[in-house]
Amino acid sequence: MSWLDEGALFSQIGAFIAEDLGRGDITTQSTVVRNTRARGRFLAKEPMVVAGLEAAEAVFSTLDAQQQIEAFVSDGDEVEVGKVIARTNGFADVLLAGERVALNLLQRLSGIATETRRYVRAVEGTKAAIVDTRKTTPGLRMLEKYAVLTGGGRNHRFGLDDGVLIKDNHIALCGGVAAAVERARQSVGHLHKIEVEVSSDADLREAIKSGADILLLDNLLPEETARMVELAHSLAPNVLLESSGGITLETVRAYAEAGVDLISIGALTHSARAMDISFKIQPG
Amino acid sequence: MSWLDEGALFSQIGAFIAEDLGRGDITTQSTVVRNTRARGRFLAKEPMVVAGLEAAEAVFSTLDAQQQIEAFVSDGDEVEVGKVIARTNGFADVLLAGERVALNLLQRLSGIATETRRYVRAVEGTKAAIVDTRKTTPGLRMLEKYAVLTGGGRNHRFGLDDGVLIKDNHIALCGGVAAAVERARQSVGHLHKIEVEVSSDADLREAIKSGADILLLDNLLPEETARMVELAHSLAPNVLLESSGGITLETVRAYAEAGVDLISIGALTHSARAMDISFKIQPG
Amino acid sequence: MSWLDEGALFSQIGAFIAEDLGRGDITTQSTVVRNTRARGRFLAKEPMVVAGLEAAEAVFSTLDAQQQIEAFVSDGDEVEVGKVIARTNGFADVLLAGERVALNLLQRLSGIATETRRYVRAVEGTKAAIVDTRKTTPGLRMLEKYAVLTGGGRNHRFGLDDGVLIKDNHIALCGGVAAAVERARQSVGHLHKIEVEVSSDADLREAIKSGADILLLDNLLPEETARMVELAHSLAPNVLLESSGGITLETVRAYAEAGVDLISIGALTHSARAMDISFKIQPG
Amino acid sequence: MSWLDEGALFSQIGAFIAEDLGRGDITTQSTVVRNTRARGRFLAKEPMVVAGLEAAEAVFSTLDAQQQIEAFVSDGDEVEVGKVIARTNGFADVLLAGERVALNLLQRLSGIATETRRYVRAVEGTKAAIVDTRKTTPGLRMLEKYAVLTGGGRNHRFGLDDGVLIKDNHIALCGGVAAAVERARQSVGHLHKIEVEVSSDADLREAIKSGADILLLDNLLPEETARMVELAHSLAPNVLLESSGGITLETVRAYAEAGVDLISIGALTHSARAMDISFKIQPG
Amino acid sequence: MSWLDEGALFSQIGAFIAEDLGRGDITTQSTVVRNTRARGRFLAKEPMVVAGLEAAEAVFSTLDAQQQIEAFVSDGDEVEVGKVIARTNGFADVLLAGERVALNLLQRLSGIATETRRYVRAVEGTKAAIVDTRKTTPGLRMLEKYAVLTGGGRNHRFGLDDGVLIKDNHIALCGGVAAAVERARQSVGHLHKIEVEVSSDADLREAIKSGADILLLDNLLPEETARMVELAHSLAPNVLLESSGGITLETVRAYAEAGVDLISIGALTHSARAMDISFKIQPG
Amino acid sequence: MSWLDEGALFSQIGAFIAEDLGRGDITTQSTVVRNTRARGRFLAKEPMVVAGLEAAEAVFSTLDAQQQIEAFVSDGDEVEVGKVIARTNGFADVLLAGERVALNLLQRLSGIATETRRYVRAVEGTKAAIVDTRKTTPGLRMLEKYAVLTGGGRNHRFGLDDGVLIKDNHIALCGGVAAAVERARQSVGHLHKIEVEVSSDADLREAIKSGADILLLDNLLPEETARMVELAHSLAPNVLLESSGGITLETVRAYAEAGVDLISIGALTHSARAMDISFKIQPG
């Protein structure tokens, strides 16, 4: 059992194949002789961090339990243009039926891992971790969060049940930071910490006084962030701080140097460009 | 019944909500008083073509059958920064539970529609249609192809069962263009046309001679494309031609002016940036 | 991977077994000693074209992954009375649990293949293909269309998404053949041909003028059919023609000789008689 | 809640629609203007016993919750050629999307009910009931058994868990009728009766001695049947007797007059011809 | 294929694991080195009748197809404190992920088997069988009824479709015992016996006269039960009698000695205490 | 949207009904006239804390969307013998089909709430909270944890993904408390606290030094517990402490008085006795 829940992965992969295959691959059925054998190679057409080899393999093994992928790199490795990432051989109709779904997964997940790696590099030497958000593609959250890990990032909440994060919308409905944090403290399970968004010094003081464990600084400039971090540490040396909101590859280091512990980046998952990978098939 | 199969849409939306909600929204449960009412507004934070209002509404109505969205624009409309796209009101816990999934869908689909619109504008005045590919996000093909339509593009195949498109990989396995087209002609249903990739003049002549209905010109330069189009039309005036392969917003018009009927662009779906849309909630 | 999508086949077979088995086979559980081994034979009780061996085997292998069928004929073979079609051995309770479902499938599919073969024989020497319809048993379309192929027929549309066939009902709602064909031409994907029902010379001329690819002649007499075929060919030599509507084994040849390319027969699937096949079990 | 479990019915109907609709009705989408309203009528093209109106209605209401059928007859009624069985009006695309599935169900179930009624008529005045078998179409057992009831027949077992019926195959594996009946008596629940196949006088005596409640006489001639009935009644006046095996409309009365209580007919469900019913749609 | 339908068992087990595992075992993932091997032992912490070994094994083999359990006892065996019931070895993360679900099943089923065995012992030497009821845990009926069998009891109805048991509520709605029994006799399948609740001598006489096969005596004292049994046997020597309603381990023998054939005990399944079993894991 | 995820609840309830109903309620179908109306009342046969009214109502409304329950108490209320808890009226066949499943849920959940209330009462006046465990019935975790809340307890982890709890088995595999806590601290999300089992003073010191947030004291006597609490507080005033392991209604107060914050009791869910509730139906 790997980090990925294999059962769930395979059931998703089956649905992805069904989406593409429908009632069957009429081109292959009508042009390629039954039982033709073939070899296929995944080739990097640009530099990238590879992610998703297990998912790509699952596509083929779902179609034909015998079919495996021989990978020449591991998830998380950086590869150059022209690198053969993996190869597989089997029945031609299986390769052709699985090609597009395997590529769609591998290209997207590698895109996320590659983008994540850039952010991680940009903050190297600081204590800040790059974390993802819930701004993932509906249906692909587990896979996309795996790609973030592969790229060197860390995972924020997997879902709304997975942690208490009190945002502006909650505070507006509760009548203030203190009320929100105190209510949460009283009713949430004893194993959960409490993170709360603070947008002013007053909020920050209230949050710390109410016992918040982590403070979210959303849509601040780096210099404001630095000031808030300092204030927070003066009041509660162990409190964690997270920056979020429109942070780019250009600005991320400034936030890291402002002293926050976590920087969350929605674009890792909602806007990563798919990596260019080809799959060429030959008889044999 | 709209263009979108509502049954399938709702069943997918249910799965997307479950992915985000898990065992429940512990932040809202522990901070917001039960039965609090609230109002929410979707606000465009950048110019865009809107797509996915029906899907966003489905998120809320799946959580609470009574809850609807009041939209101020229609799918396909272009909006400016600051435009309130839609509003909704209902129970605060429903708004907070649905917010992220609704945004994830609306932002992604609007991103695809916006990118498609750019390509469609770029070829305006030519006969070329912008078409999508099967390079869609696994699990979201129907929604993403709907977004392409919304942006002004047209849909290529929905799956491998939906049309005969003989590519280089098939030809390699069949021993040539003519053999592939003839086999397809013999065994595929009488309602299907046959499209085949051609990469040389000889291929093109073979394909037309074998009765191919559409020719795919992959990874050619615009000038090569123009020459192939001319050759094809001299042999078969009614044959359709499609360009594909690494075509960008910068180069798309040159392909259109080369005289092809269809230009397929994988990036419409595999690399569109999510549009920036916010959802603000207020008591009430 | 065979022509039959094995994944879908196995999932259906599981449901068919559950339908018959419910909470378990109480007769066998209460009379046959656990782990008794047995042998079973499928025996043809009348002449037939066999179809469905793979489905029958799937029944047993779903119940017990070890259990296979040894077939003495192939799908599509014609067998005489008394022929042992296949045999299997395994646990008695598995044979008894799968017997009825396996027979129900094999008998029905062989019935369809046998009936199809009769029609195919009847038009031998003409250019007409015998094709099926969407008048299949709900839930069994893929299997029944497979049986038609096995009998020597060809498949018409697999579903409403699989081809454009404009019938009288559509024409009535569109205001005429020309309007319907032109609208379809404009919005349907470029890989689809257009078939349209024509019921008069005027319709036929309109259809051809609008660029229809295939004409459906429904409920005409053979002589009317012959006249329409001639008219169509005089206007468009490459147009295809299909006859349908109440055509029987007695009349099918007259339609074939009228010159149509396709003759569709609903009775192949909606009224084929199940073939008589027995399954005898012996200790062993 | 009717006799039919509505929940299960609707879930099956959804699958039947999906099978036919696939990714959508491309003909209607491309030819019929959105939101066109239409009226449809189900018309009997031959005399029949109607069955399946509820299932046909479920098809339309699954597609559009608002859409109902107005039936002019009830399930079980006999209608003449030309009778309008039911009508419906709604959106044209809903009518066209549901037409084929609704007809496939209504035609098949009416075929079974009609065939059953013929057998029931043939034994009128005797005490014999016409009963069905497990030789039903995989996936349609509940609907087909409902059609048998509608035609005036009675239902035998719904599945292997629904009654103890010891057949020749069990007896061969158990080493005799007495052993089989006694084992069953010991382990089966106290609410179940025991039916056993007997093929000789010796078997019959053994069965009655072991306390069998019902005797199955398979593949006997009517005169042999009469003799066995007499023998059975002389030994156990209350024992029930069932005839089965190749009994036709021509021979069924002879079996009934031989004195059996039940006559089971596989052909009711495995070989009934679909009734000819049309569905005509008009604007409006 | 065992008595337990393995297909259904495995599908349930998968859902039970998903319920406990959610998005993954974050404790083990974050503390135990990947691919660590371990050994685990199930240890009886009190005397009990073991039941559910197959279910416990299915938990582990669902998580990892290679992992099996080596059992030192069989379902139905009585074990003393300190007995090692079974052991298994495999990957540590598999053992830790499956531990709780396996124990929850094994402890509950052993609790039911142990309680059943006590009742069976209490009536030893009489003709009364101890039977269960439909008062089972929703979702676990098949497993719990299997545990009753394992403990030496017998199974009453598996569901409402599995036998005719006319209770006070039905009688109240039908207008009397005789009406209810007669209606049931007319419409229920010929393989079903009829059981009816009787609460007075008059009821009992009516029931027997109408041909009821089994009489249910609910909430009577042992002496009343004895009298009713005698009356029933004087009228119909072969009628079966069942006692139910608040019968305890203290009172059960008195009912058995009153002469009934069956004593049904809801507490076997609705209130059995889970047995204390531990699962200790060691490296290796 | 209540605390209970209604979507999931209804889907489970549907499965519970299917388990009991199978192919239909043959007793009611054969004895009660269609469309008979009836009234039913849930009656407490012993004192209890009621829990599960929403689930009981969901049973009836799943069977018939119109049918509701009129409750006379709320979940969490204590009722005396003879109290009418709720009533409902509707079709007799719906009441009879839902009766057993509704009772099975209501009786079990009320049993858990009642037992929980006893423990909560027993520690009144101390700071200790009564919490549940993962020793719930497979498939019923959410409902059973809801019943614990209803009884006045609090919920521990909902699953293995819901919190970090390092137990003896993990420690054995990691080589010590310190190693385990430190590894967890490094890889688990920033919103999670860490709980660890300590069984000696040395462990306790290590755990606190490594930054554990909560300490689990398993299978200690009350006096040992008191000493460990004191030691812990002397080292880390804010650390939380939990007692577990064989704590009964007799001993629970001693643990509470030892100064722990949480006392977890597996028996709340694994061994609670079902409460005695009847459902009586009358015509009307």
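Chains: A, B, C, D, E and F, in written order; residue numbering restarts at 1 for each.
Keep this in mind: contacts are C-beta pairs under 8 Å (C-beta built on N, C-alpha and C of every residue); 3 or more make two chains touch, one makes a residue touch a chain.
Because the structure is a prediction, the values reported are computed rather than measured.
With contact taken as defined at the outset, subunit C and subunit D are each touched by A, B, E, F. The chains touching subunit A as well as subunit E are B, C, D, F. Of all chains, the one whose Cα centroid sits at the greatest distance from that of subunit C is F. More than half of the contact pairs at C-D come back, by residue number, in E-F, the repeat among C-F, E-F or A-E. Here the spacing of subunit A and subunit C, counted between their Cα centres, is 46 Å. Measuring from the averaged C-alpha position of subunit B to that of subunit C gives a distance of 34 Å. Each chain gets a centre from the mean of its Cα atoms; for subunit B and subunit E, those two points are 54 Å apart. Chain centres here are Cα averages; for subunit A and subunit B they lie 22 Å apart.
Counting partner chains per residue, subunit E has residues 21-24, 29, 97, 158-159, 161-165, 189, 192 touching two or more of them.
Chain-to-chain contact here is organised exhaustively, every possible pair of chains being in touch. Contact residues on subunit A toward subunit B in their complex (touch as defined above): 12, 15-16, 19-32, 36, 38, 92, 96-97, 99-101, 103-105, 107-108, 111, 134-141, 158-167, 169-170, 172-174, 180, 183-184, 186-189, 192, 266, 270-271, 273-274, 280-283. Within the complex, the subunit A residues that touch subunit F are 154-158, 161-165, 189-193, 195, 213-214, 240, 242, 261-262. Those residues of subunit D lying in contact with subunit B across their complex are 14, 18, 21, 23-24, 29, 62-64, 91, 93-94, 97.
Contact residues of subunit F toward subunit C in the complex are 22-23.
Per the touch definition, subunit D reaches subunit F in the complex via residues 1, 3, 5, 7-8, 142, 158-159, 162.
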